[in-house]
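Below are two complexes that have subunit A in common, paired first with subunit B and then with subunit C.
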Partner chain A sequence: MTINAPAKPPAAPPASRKRSPGIEASRARTAIILLLPTLIAIVLVAGFPLYRTIFFSAQEANLTTPGQATFIGLENFWFTTAEGIGLGFLQDPQWWTAVRNTLIFTVFSVFLETVFGMIIALVVNSAFAGRSFLRTAMLIPWAIPTVVSAQMWAYMYNDSFGLIGQGLLGGQALLADPSKAIWALIAVDVWKTTSFMALLILAGLQSLPGDMYEAADMDGASKWTQFWRMTLPLLRPALLVALVFRSLDALRVFDIMYVMLGANVAASTSMTGYARQQLIDNQLLGTGSAVSVAIFIIIMAIVVVYVTAFRVKFD
Partner chain B sequence: MKKAIALVTLTAAIAASSQADAVQVTLACGTVGQELQLCKDGAARWAKKTGNTVKVFESPNLTNDRLGLYQQQLAAKSDAIDVYQLDIIWPGLLSQHFVDLKGKIPAAEVNAHFKSIIAADTVDGKLVAMPWFTDAGLLYYRTDLLKKYGYSAAPKTWTELATMAKKIQDGEKKANSTFAGFVFQGKNYEGLTCDALEWLVSFGGGTIVDDSGKITINNANAAKAMDTAASWVKSISPAGVTTYGEEEARGIFQSGNAAFMRNWPYAWALGQSDDSKVKGKIGVAPLPSGGNGNAATLGGWNLGVSMYSKNQAAAIDLVRYLTSAEEQKIRAVEGAYNPTRPALYKDQAVLKANPFFGSLLDVFTSAVARPSGPTKLKYNQVSQAFAGAVSDVMAGKTKGEAAVKKLETDLARIKGRGW
Partner chain C sequence: MNLKRTNPGLFYLQRTLFYLLVIVIAVYLLFPFAWAVLTSFRRAADLFLPPLQFIAAPTTIDNYTQVLTNPSFRRGLLFSTIVAVGAVAVSLLFGSFAAYALGRFRFKGKQFIMYIILAVSVFPQIAVLGGLFTLITRFGLFDNPIGLMVSYLIFTIPFTVWVLTSFVRDIPGELEEAALVDGASPLQTLFRVLFPVMMPALVTTGLLAFINAWNEYLFALTFMSTNRTVPVVIANYSGASQFDQPWGPIMAASIVVTIPLIALVLIFQRNIVSGLTAGAVKG
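Entry: the complex of A and B
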């Protein structure tokens, strides 16, 4: 959606009263009027909480008494006391562990989901009996609420009665070992979200013209060449949008860690888990808000990198 | 229009007066074991007696999750819940949101409870909550297996426990590959803080932070306690013990897959229920000693009335009823929930249902409190740091000596400008 209003500001109303405004300007005005309710709603439900979060990130405040906040500037981020004790969350090693784990989680889960999603999309895009049934069935893991599927996987990983922990691995406790747990979590996310990725890629595949492939067949191009030289480049826009969506989701991941590892461990496994611990368990409204602002900035930065580096177009 | 409003008001007034002052009170109950059912039953008895109605709010299972939810409701001054079930470590944290029960409940009734618990419920002279049931860590063991492997009594020290658990485990593993020697709450959460505090105190390692607020964790005995616990993982305890809470440990013990278990008293009644595979084969003893006597962490739940409640009088009456001797007796008999009234420990019906109550009265009365008093609002952070350090030692990431040293630094960081 593009609004050209800034480029062509509507002429000052009193001066141009005699002349009817250009058709483009009136369209732009209609667009703004139609968008106004939405914009107001966004300001109310997103803008205000965002403002409060940024406001509290510069305060020392307690969750149970948000009214008694004192301004401390950037001390929630970085502050060293006279005794040399670092109080800012950027000085907390646990935060950096959480950042590292979130990045590992994002990179590997999104990569695997893209590869598997592509394979599944290519399969269900070809014509075979029961294709429409498969397309519906593959969405089941995605349709199950994450809290439910995460708990289900936690049971499956259990070392004394779990299908995987006891049955497949003979009593290994995957979730007990932090260095292995992250891979167990990636497996859960891949299981759950690959179908969503496949769906997005499938939508892209279906927009590709069929006669192009017929022509390529006539010219004797192999299926492999067709995939690399035609499908993949044409699929690029759809693929990139899917990648951006999934990366942002993965960076904000919370429920898988929280359900499967518990509040304390989740705080060193995901950035949002850390934010929740500061904000809720520790009641540090100021620090928690500062962490949330940091997460917001990190995600913003990654979006900007994506959009500029790959020239993603959203319109 | 005016007529209509007047009519509606009149009808409402008549309806209200005809029911005297019957109101609906919302009670937040815990859901561990049979807690929820007992909570509902107790509330129903009060409702029947007074003509009021009680709505039961089901709280999350883990105490950390519960606190998060409650704090949000209280910070928003929500009147959705009238009576909250408060963990013994919360009064200092939440005192400002609760009605002072002192003066509203007769002094004689308050004094009938354990003094230590009333003290923990009192913040700056304000009685934040009334004791509902108390808890202390206990050692559960399989009497049949002890006999089978030639033991006549429960272990007195942790070393003894490890030896016995190992022998039983090795023997039982031949028939049952998932059998474990000892299960406890090893997951990184508040429960681990409770378990580890018991190890610490029994080894003479202090209580993390002492009563004056001084950080005391960096000592050799504390390090030894952590290393000892770490040596159990994968030898007498399953590797997954570091992911178990109360209910996971109980599940394994109750299905006959463990020789020893550390848990709270509530596990007794469930272990004796008809669907339990170990019914009639359970013994209960004080937790073993590490050389400095045995120690049990004080737990327990209390009932407080929210300041934002619209029906405070009815809510206080509900609290008085639920904490009464009559109700605590029912809960002790049916659910093995420890009364907070010393008199009930001499009651024949209570002792018949829980034979160990009389002999373990010492354990309950001398239980060790977590450092929630001296660390005040920062208790949760202290507990997290402590549980995290213990968890790292148990996972083999670090050794006890290094862990307590790092923990001292972390705690200093949390203490910051003061508790």
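Entry: the complex of A and C
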């Protein structure tokens, strides 16, 4: 590390800052240079495309000819024609169905994952024969690609030879009925991600001090009391961060719906599915971008609420 | 343990219930995958059999030969590998630079940069889909694995930076100070001193990022039309008609795509858990 090599003779005293940049300033410069590739990549794949999406959300634009966009303000969001026809996605009942279904999906799947994940983590955290087997088994649903698990479950839900569709329900086409399909999808997501939740909770459990439990045993606190009074409060920070990340994942869900229900039904089952249909299938760059902006705002608002309400600390 | 002496009945009841719970959990976690494996070895005609006869039905590897000779599946494997490996390699290189800077250097605006990176990792991919699509088509990268690879950086980069930063922080500072005193430049320090120490972290982070890239569906579906990646191929696998889903081959393809991931996950089990918790619990 060359910090200050006096190349010029010190004839006139230069600005004091320039003469001796100091190791701190030099290291700060190095740090920025090291960060540059990452920052450029983020601007390229996140910053600029996001700016374009926001830009197109206020334009009437077609996906194949984005150059011919015309500014229309907020009409992609809300617009009523002179004949009283409601345009703009906020007046589209399908969007609101998608929002409702996404919220149902998020609330129930995250809740069930947390409860099941907690049960599995508590079981695996206690000593018993076969514990290492179960810890290994836990990783398997998580390692399976989402599309694969969607196909696996679509097969089990199949009404003519599926184990669940034919075997348990006697030939009911679960996925064909929108009011039931959402619960079938929740089951898939819960199966796939419970083990992830369990892993995170397990890591939290293992960082809890063991002697505290010995003391509680001595004092005669029941396991039940110990769980509610000690384990849960101490796990709170780890649990909250896991909840934030799982909720955000669930809100932007796409693959499960798209693979199991097809593009059209997915558009009324997930916000992302609706956005993609507008954007890609209908080629409506303006409307699709407006929907994307709405989803972005919803998700960022939820992040802010979580972080401020629960004082989640990152870092 | 004293329950065993004071009330053996209750003790054994508790044990039995506990093991029952263990069995229920194990079946819940493993059964759907086991059923898919079984199906992948059954003939199409046997799929209609009731479960017990289905289990006992003759085994065949036809589904696997059909899938592995299917040109679009093989292309899918190739493109998935190119895209995922490329995205992971770029992310690890950029990510380790950034992690070194964020974990070891003090400078103004560091907190801000960390929050930006965190914000990108909670980004809904749909928010950039339209913008990215117009950029990709403008640069002629539609249906090109490079375009897809670059788009994957949106989730692989924040993840690698975040996890590697927490690993870099845990490396004792003396190592780097010794290198500094010997006159090594920051890049030399990174490559010669920190990289060897960070090897396990790089492997873990790379593996987790690889799994995410391998599984990605939305971008792969949108930015590629003929050069599809395997998740898209599996999702689109269809038979003669819309109502004739070839479940045997679909399951076989699913198993082919999943087995390498499961093998990697089982081999690196310990690292994975630490990588996941560093990435997810800390943020």
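We take it that the second predicted complex is superposed on the first by the 279 of 315 C-alpha atoms of A that agree within 3 Å, B and C clash if a C-alpha of one lies under 4 Å from a C-alpha of the other, contacts with A are read in each partner's own complex, and residues count from 1 in each chain.
Following the convention adopted for this analysis, a residue touches a chain if its C-beta (ideal position, glycine included) is under 8 Å from a C-beta of that chain, and two chains touch if they have at least 3 such contacts.
What you see is a predicted model; the values in this text were computed from it and never measured.
Asks: Would you sort A:Arg236 into first (subunit B), second (subunit C), both or neither based on which partner it touches?
Replies: Neither partner.
Asks: Kindly classify A:Phe161 by the partners it touches after superposition: subunit B alone (first), subunit C alone (second), both, or neither?
Replies: In the superposed model, A:Phe161 contacts both subunit B and subunit C.
Asks: Mind working out whether A:Gly288 is in touch with subunit B, subunit C, both or neither, as first, second, both or neither?
Replies: After superposition on chain A, A:Gly288 lies in contact with subunit C alone.
Asks: Of the partners subunit B and subunit C, which touch A:Asn264 in the superposed model: first, second, both, neither?
Replies: Only subunit B is touched by A:Asn264; subunit C is not.
Asks: Which partner does A:Pro66 contact after superposing on A: first (subunit B), second (subunit C), both, neither?
Replies: So A:Pro66 meets both subunit B and subunit C here.
Asks: Residues of subunit A touched by subunit B versus by subunit C: which partner has the larger set?
Replies: The partner that reaches more residues of subunit A in the superposed model: C.
Asks: Which partner does A:Ala28 contact after superposing on A: first (subunit B), second (subunit C), both, neither?
Replies: In the superposed model, A:Ala28 contacts subunit C only, not subunit B.
Asks: Same subunit A residues contacting subunit B and subunit C, which ones?
Replies: Touching subunit B in the first complex and subunit C in the second, residues 63, 66, 158, 160-161, 276, 280 of subunit A appear in both lists.
Asks: In their complex, what parts of subunit A are in touch with subunit C?
Replies: Answer in residue numbers: 1, 24, 27-28, 30-32, 34-35, 37-39, 41-42, 44-46, 48-53, 55-56, 63, 66, 119-120, 123, 128, 130, 133-153, 155-156, 158, 160-161, 163, 167, 191, 195-196, 199-200, 202-204, 238, 241-242, 245, 248, 251-252, 254-255, 258-259, 271-272, 275-276, 279-280, 285, 288-289, 292-293, 295-296, 299, 303, 314-315.
Asks: So in the complex, the part of subunit C that touches subunit A is made up of which residues?
Replies: Contact set of subunit C toward subunit A: 18-19, 21-22, 25-26, 28-30, 32-33, 35-36, 39, 47-48, 50-51, 90, 93-95, 97-98, 100-102, 105-108, 110, 113-114, 116-120, 122-135, 150-151, 153-154, 157-158, 161, 180, 183-186, 190, 211, 214-215, 217-218, 221-222, 231-232, 234-235, 245, 247, 250-251, 254, 257-258, 261-262, 264-266, 269, 272-273, 276-277, 280-283.
Asks: Looking at the complex, which residues from subunit B come into contact with subunit A?
Replies: Within the complex, subunit B contacts subunit A at residues 62, 64-65, 67-68, 71-72, 74-75, 93-94, 96-97, 177-178, 180, 187-189, 238-243, 245, 248, 252, 257, 377-378, 380-381, 384, 387-388, 391, 395, 397, 412-413, 416-417.
Asks: Along subunit A, where are the residues that touch subunit B in the complex?
Replies: 62-66, 81, 83, 85-87, 92, 158-161, 165-166, 171-173, 175-178, 261-265, 267-268, 276-277, 280-283
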